[in-house]
Amino acid sequence: MDITMIYYLVPALIMFCCGVYGFITRRNMIAMLISLELMLNAVDINFVVFNRYLFPGQMEGMFFTLFAIAIAAAETAISIAIIINVYRSVKNVKVDDLTEMKN
Amino acid sequence: MDYTQFLAMKQEIWLLIAFIFVFLLDTFMPKKDQDKVGVICCLLFGLLTLRGFCPTVLGDQLAFGGMYETSTVIVNIKNILNIGVLIVMIQGLRWSAQDMVKIRRGEFYELLLATLFGMYLMISARHFLLFVIGLETASLPLAAMVAFDKHRYESHEAAVKYVLTAVFSSAVFMMGLSYVYGLTGSLYFSNIATALTAQGSSWLLIVALAFVIAGIGFKLSLVPFHLWTADVYQGAPTPVTSYLSVISKGAAAFAFLVILWQVFGSVYSQAWEWMMYALIILTITVGNLFAIRQRNMKRFLAFSSISQAGYIMLGIEAMNPMGLSALMFYILVYIFSNLAAFGVIGAIENATGKVYMQDYNGLYKTNPRLAFTMMLAMFSLAGIPPFAGFFSKFFIFTGAINQGSIAIYVLVLIALINTIISLYYYLLVVKAMFISDEESTVAKFNSSMSERVAMWICVAGILCLGIVSCVYNHLLAIAA
Amino acid sequence: MESVGSIIMYLIIALSIIVFSVLTVTSRKILRAATYLLFTLFATAALYFKLDYEFLGAVQIAVYAGGIVVLFVFAILLTSHPGHSSERLVSKKRALGFVAGVATLLVAGYALLSRCCMAMTSLPEMSNPTMKQIGEAMMGTGEGQYLLPFEAISVLLLACIIGGVVVARKR
Amino acid sequence: MLSNILIYFVVIPLIMLAGLALCRNIKQIRTVAVIGSLALTALSVYLLVDYLGLRAAGATAPMLYTDSWSWFPQLHINMAVGVDGISVAMLVLSSIILLTGSFASWAINPMPKEFFLWLILLSTGVFGFFISIDLFTMFMFYEVALIPMYLLIGVWGSGNKNYSAMKLTLMLMGGSAFLMLGLIGIYYHSAPEGGELTWNLLQIRENAAIDRGWQYFLFPMTFVGFGVLGAMFPFHTWSPDGHASAPTAVSMLHAGVLMKLGGYGCFRVAIYLMPEAAHDLAWIFLILTGVSVVYGAFSACVQTDLKYINAYSSVSHCGLVLFAILMLNTTAMTGAIMQMLSHGLMTALFFALIGMIYGRTHTRDIRMMGGLMKIMPFLAVCYVIAGMASLGLPGLSGFVAEMTIFVGSFEHTDMFHRVFTIVACCSIVITAVYILRVVGKLLLGPVQDEHHLALTDATWWERTATVTLIISVAAIGCFPNFFANLIKFTFSPEIFAVIGMN
Amino acid sequence: MEVTIPVLILAIPLLMFFLLGLLGKYMSHKLAGILGTAGMGITLLLAYFTAFTYFFSGAPDFVDAQTGQRLQYIVFNQDWLAFYNNLVIRIGFLLDPISALMLVVITTISFMVHLYSNGYMRDHHGVYERGFQRFYAFLSLFSFSMLGLVVATNIFQMYIFWELVGASSYLLIGFYYTKPSAVSASKKAFIVTRFADLGFLIGILILSFYTGTFNFTEFTSAAVGESGNLFAVNEATAQGISNIFATSAAPMFMGASVLTWALVLIFMGGMGKSAMLPLHIWLPDAMEGPTPVSALIHAATMVVAGVYLVARLFPLYLMSTAALDIITVVGALTAFYAAMVACVQIDIKRVLAFSTISQIAFMMVSLGVARPEFHEGLGYMASMFHMFTHAMFKALLFLCAGAIIHAVGSNDYTEMHGLRKHMPVTHITFLIGCLAIAGIIPFSGFFSKDEILSACMGNSWLAYLWMSLVAGMTAFYMFRLYYLIFWWKEHKIHAGHHAPHDQAWTMTLPLVILAAVTCVAGFIPFGNLVSWNGEPYDFMAHFDWSIAAVSLIVALVGIGLATVMYRKENPMPAKMRNALPALWNWCFHRFYWDELYMFITHKIIFNGICKPIAWFDRRIIDGSMDGLAYISNKASWAIRGLQSGNVQTYVWIYLLGALLLGAITAICVI
C-alpha cells in the first residue's frame, strides 16, 4: 500500500473540522482558543504535506509552517491576554455572556 | 545576500524608525512631559506623510526575490493611508489625554504605527507568507487597541469578539492558502498566477479561493463575514473605530485588489467574478438594511461602512485601471468623509459622552459647526455633489461599467438603488441635527484644537477632492 | 510501496491525530482538553518527523507543546476553579457546530478528492533539508529565501507583546 | 474661462453664496439675494437678446456660446457649456422665478441666512444644469439642485414636513439612480468601436453610435430617471406631499424650475441622444403621460388643500410636457417647451400666492376659507389670473402652450396617438373644473371665517413678486411667436430625420 | 380700407378694460361710467362707419363690380403663433357681410348696455354699487372679445376670442361674487361652455389637420370649389388647396367622413355657447348676473356666437348635409323644449332666458335647413336676419326687465303685477318687444321669423309645422309674461320703498332707441346685404304671403290664448296645471336637466371618478412607494437576528457563508 498524499490531507481536514466544531460549540473562551489551535495545526500539516509530496525540491510549505507556528503563538498570546482581561472585568470566561451588543 | 534590498522599503523603514522612536520616547520620557508624546507623534507622522510625497520614494521595484514590490501606485496608496492615519492620530489626541487612557497613550501610538506597518506589508507583499504576516500584524495589535478603554465593558466585549473572529478568519484564510499552495506549488504571487493560467479553475481552487476571500473579507467586513464589525465598532474607543473603519478597511481593499487581480486574475470569469457579484450585492444590501435601524452613531457608521465596502468592491470587480484608480480615489474620499463623521462623534463623545442619534437632535442650534461638518460627511458618504463622495461614487460606477457585461449593469443598478436606502439613513442624521424641533441635549461646547484641526482637514478634503480634478487625474494616470 | 513499519507508524499517527482532535473538542473538562491538544500536537510533530522535516518537528514540540500549551494551562488555571467542568452544551449549538464541521468536511473533502490525480501522489524522494539550507533560506534575500518575513514577524511579535502588555496591565 | 458669458450663471450664485455666508443681518441677506438674482435676471435677458442677435446674424450651430474646459481628461469629462433657444428660455425662466422667489421669502423665518444659502445652492444647480452640455456636469448639477430641497422643506416647511421631505428626496434620488446608470451607459456607447468616448451631448449626437439594442435599455433608464422629476405618472407621488410641505419660495422654485429639469432632461438627453428608441418605445410612455394628464386633473378636483390641488395640477401639466415631448415632432416639442415655461411661471405664481394666503390665514384648507376677494383683493385677483392661465385662457401662457401641443400631437394620424391626444385634450375641461372650484370656494362667496376680515392685502415685495410673474405669463400669452421661434429653431432636424418625421 | 379704424374698434374696448381694471379704483364711479360709455360710443361710431363703408361704399375691395357680389376682405392679418407649414394662428380683421352685421349689432347693444348700466348699477338713492368700475372693465373686456370673435379671419382666432368671451361672461355672471348662487352660476356657465369648447377644439384640430389651414377664406373658397369661386377673392388658395377635401372626405371614422366629424364637433362648440340642448343648462342660471349683462351677453351677442360660427363655416357645412341635419334636429328640439319650459316659469329673467334659447334655436334651424337650391339659401339669410332683429328686441326685453327688476327689487312676477300705470315707457317698449318676438306685422320679428319658416318649408314640411308650433308658443309665453307683469291687479303695498316708476333717462333712453329699431328693422332689405354666397338678391321675391299669413295667425292664436288665460287673475292656469300635473312639473323643473347634470357631475364624475382616483393615488400609487420603504424597514427588522451578539454564531455564519460561496460557485462554474 502506498501512503499517498490524501492519507495525510484527510486527517488534517478532520482536525480542522474538529477545530471548527469546537470553536462553535465551546462556551469557555479558552476552550475556543484550544479548538482554534487545532485548526491552525491542520493548516500547518497541509502545508507540510503538500510541500513534501508535490514540491519536494523547495521549502516554501515548510517555511510557511515555521512562521505559522510563530503567528499562532502570537495569536494565542494576545487572545489569552484579552480573555484574562475580560475575566478580570466580569469574572467569567463564558462567551455566551458577552452578548451585550447585538442587532 | 544583498541587504541593500531593504532600501526598496523606504516607507516601511521610516515607519519602523518612527515606531521605535515613539517607543523609546514613551519609555524614557519624564512623567511630566508625557502629555507631549501624542503631539510629537503626530508631528513626526506628519513629516513621514509629507515625505511620502517626495519623488525619491517613487519608482517601481521588486525586492527580496519578488517577495516585496513597490511602485508608484503602492506608494500612493500608502500615502493615502498615511493621511488617514495622521487624521486619526490628531483626532485621538484629546481622547488619549483622558485620565483613564493617558497612562497608555504611548502604546496607542505605537500600536497604531505597528498595525500600519502590517498594512504596508499587506499592500506591498507579493508572497503569501509576507502577506499573512502583514495581515496578522495589522489585525492582532488592533485587538489590544479595541480593548483600550478598560473602564468600559463594551470595550472588552468588542475586543473578545474581534480577536476571536480575527484568529478564526486567519485560520480559514490560511487553510485556503494551503490548498492554493498545493495546487500551484508556490506562494509567490507571480508563480501562482502562472500556474493558475496553466491549469485553470477547479473545485479545490474555488473552495480555496472562497476561504481566501473570506479571510480578507473579514478585514473588509463584507457580508457575510461582517458580523463582528458593528459590535466592535460600537465597543471600541472612537479613534480606534475610525481607524478600523477607514485605514484597516482601505488597506485590506487594496490588498484584496492586488490578490484578486494579480494572483487570481486569470480565473476571473471562471471563479471569482460571480462570487464577487454575490458578495457585493449582499454587502451593500445587508449593510444598508441593518443601518436603517441603528440609533447608536458608531454602530450606525459601522453598517454604513459595511455597505461602503460593497461599493469599494465594485472597483475590484471592474478589472481595469479605471477600477483601480476609482478604488484608490474612493478610499481616499471615504477616509475624509468617514473620519469627519467620526471626528464629530468623537468630539461629542469626549465632551458629553453621548453617542446616540437622538442626542444629536437640534445639534445645529447649539453646535452649528459640528453639525455642518457632520452634514458634509453624511452628504459625501451618500454621494451628493458637489462633495467628494459624489465623484468617488460616480467614478467607481463608471469604472465598474467599463467591464462591459450586461451583468455589471445589473449589479451597478442594484448598487445604485441601494444608494437610495443609504441616502435615507444618512439623511436621518441630517434630520436629527437640522430639522428636529426637540431641544438639544448636547450643550454648546468648544471642541479641542486637535479635534478642530482634524475636522478642518476632513472638511477641506470633502469639499475639494472631487472638484479639484488633479487628484483623480493623478490616480488614474498612475493606475493606467 | 511503503514498508510495513512505515504504514503502522502512519496509522498510529493518523489515528491519534483524529482521536485526540475529537477528544479535544468534546471533553467536558477544559484542562483535559488542553492535555488532548498536547497529544494532538505531539502527533503532528511525529508526522513532521515521518515526513522528514525534523527541524519543523522540533520547533513544533518546542513552541507548540512547550510554549503554547503551557500558556493555555496557565490561562485555564487562572480563569477557572479546580474541578470545574463546563456545563452541558446547548443542543442547538452542538447542531450548529456539527453542521459547520460536516459542511467543511464535505466541501473541502470533495474538493480535495476531485483532484484525485494530485491527491494520489505517492511520496517522492527528498533529501532532508539540512540546517545550513534552512539557515541560508532564513537569512537570504533572494527567491525562496525568507529574511524579510523573518524580520517582519519580529515586528509582529513586538507589537503583540506591546499589545499584550497594554491589555494585561492592571490599569 | 471667464470670457464665456454662460459661466457667470454659475459664478454669480457662487459669489452670492460667499456673500450670504458673510451676511450678519436680514437686511444684508435680502440685499445680497435681490441684487444677485437681479444680476442673474439681467444676465439671462442679455443672453436672450444676444442669442437672438447671433441667430439673426446667421449663426447656425446647434448650440451657441459653446466652450469646453477639461476637467477629468482621461474620462473625457469636461465642463462643457452651450445653449440653444430652449436653454436660453429655461435660463430666463429660472432667473425670473429665483428673483420672485427671493421676494416671496422676504420675511422668511427662522434662519434666513441658511435658507438663502440653500436656495442659492439649489439655483446654482439649476443654472448649471441648463448651461451644461456635458452629461457628467449636467448630472452633477442636477443632483446639486435636488438635495437642498431636503433641508429647505425639512427646516422651513410646514405640516408633515419630515415625511414629505424624505419622500421627495428619496424618490428624486431614486430617479437619479436610474439616470446615473443610463448616463454612464451612454458614455460607454458614445463613440463607434475604437473611437474616443465622450460625455459631450453634441459629440454623442454627432457620433450617433448607440445601437438600437442598447438604446432600448438606456432610453427607459434616462427617461424614467428624468421623468421622476418631471412627475411622470407612477412616480409623481412625491410632488403633492413635497409641495404641500415646502415653504413658498421652495415650492415656487421646485415646481417652477426643478420640475422643468425633468422635462428638459428627457428631451435633451433621452430623446435627443436616442431617437430610435424614443420612437419605438414612445408608446409606453405616451400611455403613462397621457393618463397622468387627466389623472392629475381628476385628482386635483377633490383635494381640499390648496397646495395639493396645485401639485396635482402640476402633475397634469407636466404630464402634458412629457406627452408632447414624446410626440417627437417639432410642433409638439415646441409646445412642450412652451408648456414648461408657462407652467413654470404660472405654478410659481400659484405657489407664491398660496404661500401669501397661507401666511395670513394659516390654513390651506379651502373649506376653511372663503370670500377672500373681499379681504385681500390684490392677491385674489392675482389668483384668478393664475387660475385663468392654468386653465388655458388665451392671452395668458397656458393657452398657447397647450394649443401648440395639441396641434402638434394631432399631426400623428394613427388611432393610438389620436385617442391619447383627445384624452389629453379633455384635461382642459377638468382643469377648468378644479380651478373654478378653488376660485369659487376660496375667493368668492361669503367670508367664511370672521377672523379673516382683519387680514391685510399684499405687501410691496409680494406685489413685486406676483406682478413680475403675471407680466411674464402674459408676455408669453400675448407674444407666443417670439418664444415659439426662439425654441423652434433649436430642434435640430437630424433627430427628426432619424425618426422619419418632418 | 385703412387699418386704423378696425384696429381702433378692437383696441378701444381693450384699452378701456385695462384703464378701468387697473386704475379704476383710483377713479370716481361716475368718471368710470362715463369713460366706459364714451369708449363704447366711439367704438360704436367706428363700427358703424366700417359697416357702412363695407356695405355701401361699393369699393372694389368689398364688392365685385361685375356681379355685385359682396367679397370677403381682410383688413389686416398679423401672425400670432406659427405651428407648421401654413398652420399659423393669425390675429386679423375680416370684413364680410356677416361680420359687418355683427359689428353693428354688438356695438349697438353694447353701447346701449353701457349707457343703461349707468343707471342700473345704482340703488334708488343714486349710490353706485360696489365694483362699478370693475363692472365697466368687464363689459369692455367682453366687448373686445366679442368683436374679436366676429372679425376673426381664421378659426383659431375665433376660438381664442371664443374663450375670452366665455371668460368675460364668467366674470360678469359672477359679478356679485359674494352671492353663492352667482358664483355657482358663473362656474357652471364656464364649465359647460368649456366642455363644448373641447368639441370645438377637437373639431378645429381635425379640420386644420386635413386642410392644412385655419383660414376661413381658404376653407370657404376650397369648399365652394371651382364652380362657386365666390369668396376666393383674396388669393385664397395656396398650392393644392383644391385637393383638400378630396383627402379630407376620404378618411372615414365610424361611418362618417372626417369632415362631418369635424363639423359636428365644431357645432358642439356652438351648442355650448348658444345653449342648445343638452348644453343649455348654464343659460338660465346665468341670469344671476346683472340684468344689463344678460341683455348684452346672454341675449344679444355671445349666445349667438354658435349661430355665427355655423354661418361662418356654412359653405363647409354644405358639403356635409348630415351635419346640417343634425343642426336642424338639435335646433328644433331645443326650440320646442325651451318654449315649453318658458310657458311656466315664474322668474321673468328665466322666461326671457328660455325664450332666448328658443329663438336661437330658430336661427340654428334656419341654418340647418338652408340649402342653396331653395330660395338661393334663404335660410342663411333668414338666420342672420333673425339674429339681428332678435338681438334688438331681446335686448330691449331684457333691459325692460332690468328696469322693472330695478324698480321692484325682485325677479319674481308675483311681486310685480299691474305695473303698466307706474312705468308707462317701460310698458310700451316691453309690449313692442313682445309683439316683435311674437311675430306680429310690422315689427321686425315678423319678417325674420317668417323667412325662417319659409326656409323650413323649403326643406321639409315637418320642420315647418314644428317651427310654426313653436312660434305660436312663443307668442303665448311672451304675452303671458307681459300680462303677468303689467296687468292683473297691482299690489297694494310695495313695502319698504316708494312705488315703482320709470327709471332715469340713462335707462329709458336705450329702451326707446331699441324699441324704435325694433319697429323699423323689419323693413331693411336684408337680402341685399347678407346672403350665403355674397350675391345680393331681392328678398321680396322669396316672400311667401301664404306662409306669412299662417304664421301671423298662429301668433295671434298664441296671443289670444295668453289673453284669455292671463289678462286677469282667473283660475284657468291653475286648472290647466291641475289637469296635467306631470307635464307642468316637468316643464317647471326644466325637464330635470339640472338634476341630471348634478347627478352626472357629482355622483358619477366627482364621487365616481375623481374620488376613486384620488384615493387610488394616495393609497395605491403612493402606498406602493411607501410600501417600498415599509418593506425595507420590515426586512431590516427581520434580519436583525443575524446579529445575535454571540461571536460563535458570527463565526458559524462566516464559515457557512464561505462554504456556500465556494460550493455554489463551483457547482455553477464547473
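A, B, C, D and E are the chain letters, set down in written order, and residue numbers restart from 1 in every chain.
Definition applied: a contact is a pair of C-beta atoms (placed from the backbone, for glycine too) under 8 Å apart; a residue touches a chain by one contact, two chains touch by 3 or more.
Values in this document were obtained by computation on a predicted structure and should not be read as measured data.
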Query = Can you list every chain that touches chain A and also touches chain C?
reply = B, E
Inquiry  = Ignoring chain A and leaving every other chain in place, which groups of chains are still linked through touching?
reply    = one piece
Query = Chain with the smallest distance from its CA centroid to the overall CA centroid?
reply = D
Query = When the contacting C-beta pairs are counted for A-E and for A-B, which pair yields the higher total?
reply = A-B
Ask   = Can you name the chain that lies farthest from chain C, using the mean of each chain's Cα atoms as its centre?
value = E
Ask   = Among the chains, which one keeps its Cα centre farthest from the Cα centre of chain B?
value = E
Key: chain B-chain E separation of Cα centroids, rounded to whole Å   = 77
Remark   = When centres are defined as mean Cα positions, the distance from chain C to chain E in whole Å is 102
Query = What is the distance in Å between the mean C-alpha positions of chain D and chain E?
reply = 37
CA centroid of chain A to CA centroid of chain D, Å = 65
Ask   = Considering chain B alone, which of its residues make contact with at least two other chains?
value = 129, 133, 136, 140-141, 143-144, 147, 150, 159-161, 164, 168, 172, 175, 179, 182, 202-203, 206-207, 230-231, 293, 424
Task = Note the residues in chain D that touch 2 or more other chains, in rising order.
result = 170
Ask   = Which residue numbers or ranges of chain C touch two or more of the other chains?
value = 93, 96-97, 100, 104, 107-108, 111-112, 118, 144, 146, 149, 153, 156, 160, 163-164, 167
Task = Write out all the pairs of touching chains, ordered by chain label.
result = A-B, A-C, A-E, B-C, B-D, B-E, C-E, D-E
Query = Which bits of chain D are touching chain B when the two form their complex?
reply = 71-75, 77, 136, 139-141, 143-144, 147, 150-151, 154-155, 161-162, 165-166, 169-170, 173-174, 177-178, 180-181, 184-185, 187-188, 217
Complex interface listing, chain A residues touching chain C = 1-28, 30-31, 33-35, 37-38, 41, 44-45, 48-49, 52-54, 56-60, 62-63, 65-67, 69-74, 76-78, 80-85, 87, 93
Ask   = Can you list the chain E residues touching chain A in their complex?
value = 640, 643-648, 651-652, 655
Key: Touching residues (chain side chain E, partner chain D) in the complex   = 79-84, 87, 89, 156, 159-161, 163-164, 167, 170, 174, 177-180, 183-184, 186-187, 190-191, 194-195, 197-198, 201-202, 205-206, 208-209, 606, 609-611, 613-614, 617, 621-622, 625-626, 629
Key: Contacting residues of chain B [partner chain C, same complex]   = 1-3, 5, 16, 19, 23, 63-68, 103-104, 107, 110-111, 114-115, 117-118, 121, 127, 129-130, 133-134, 136-137, 140-141, 143-145, 147-148, 150, 159, 175, 179, 182-183, 188, 202-204, 206-208
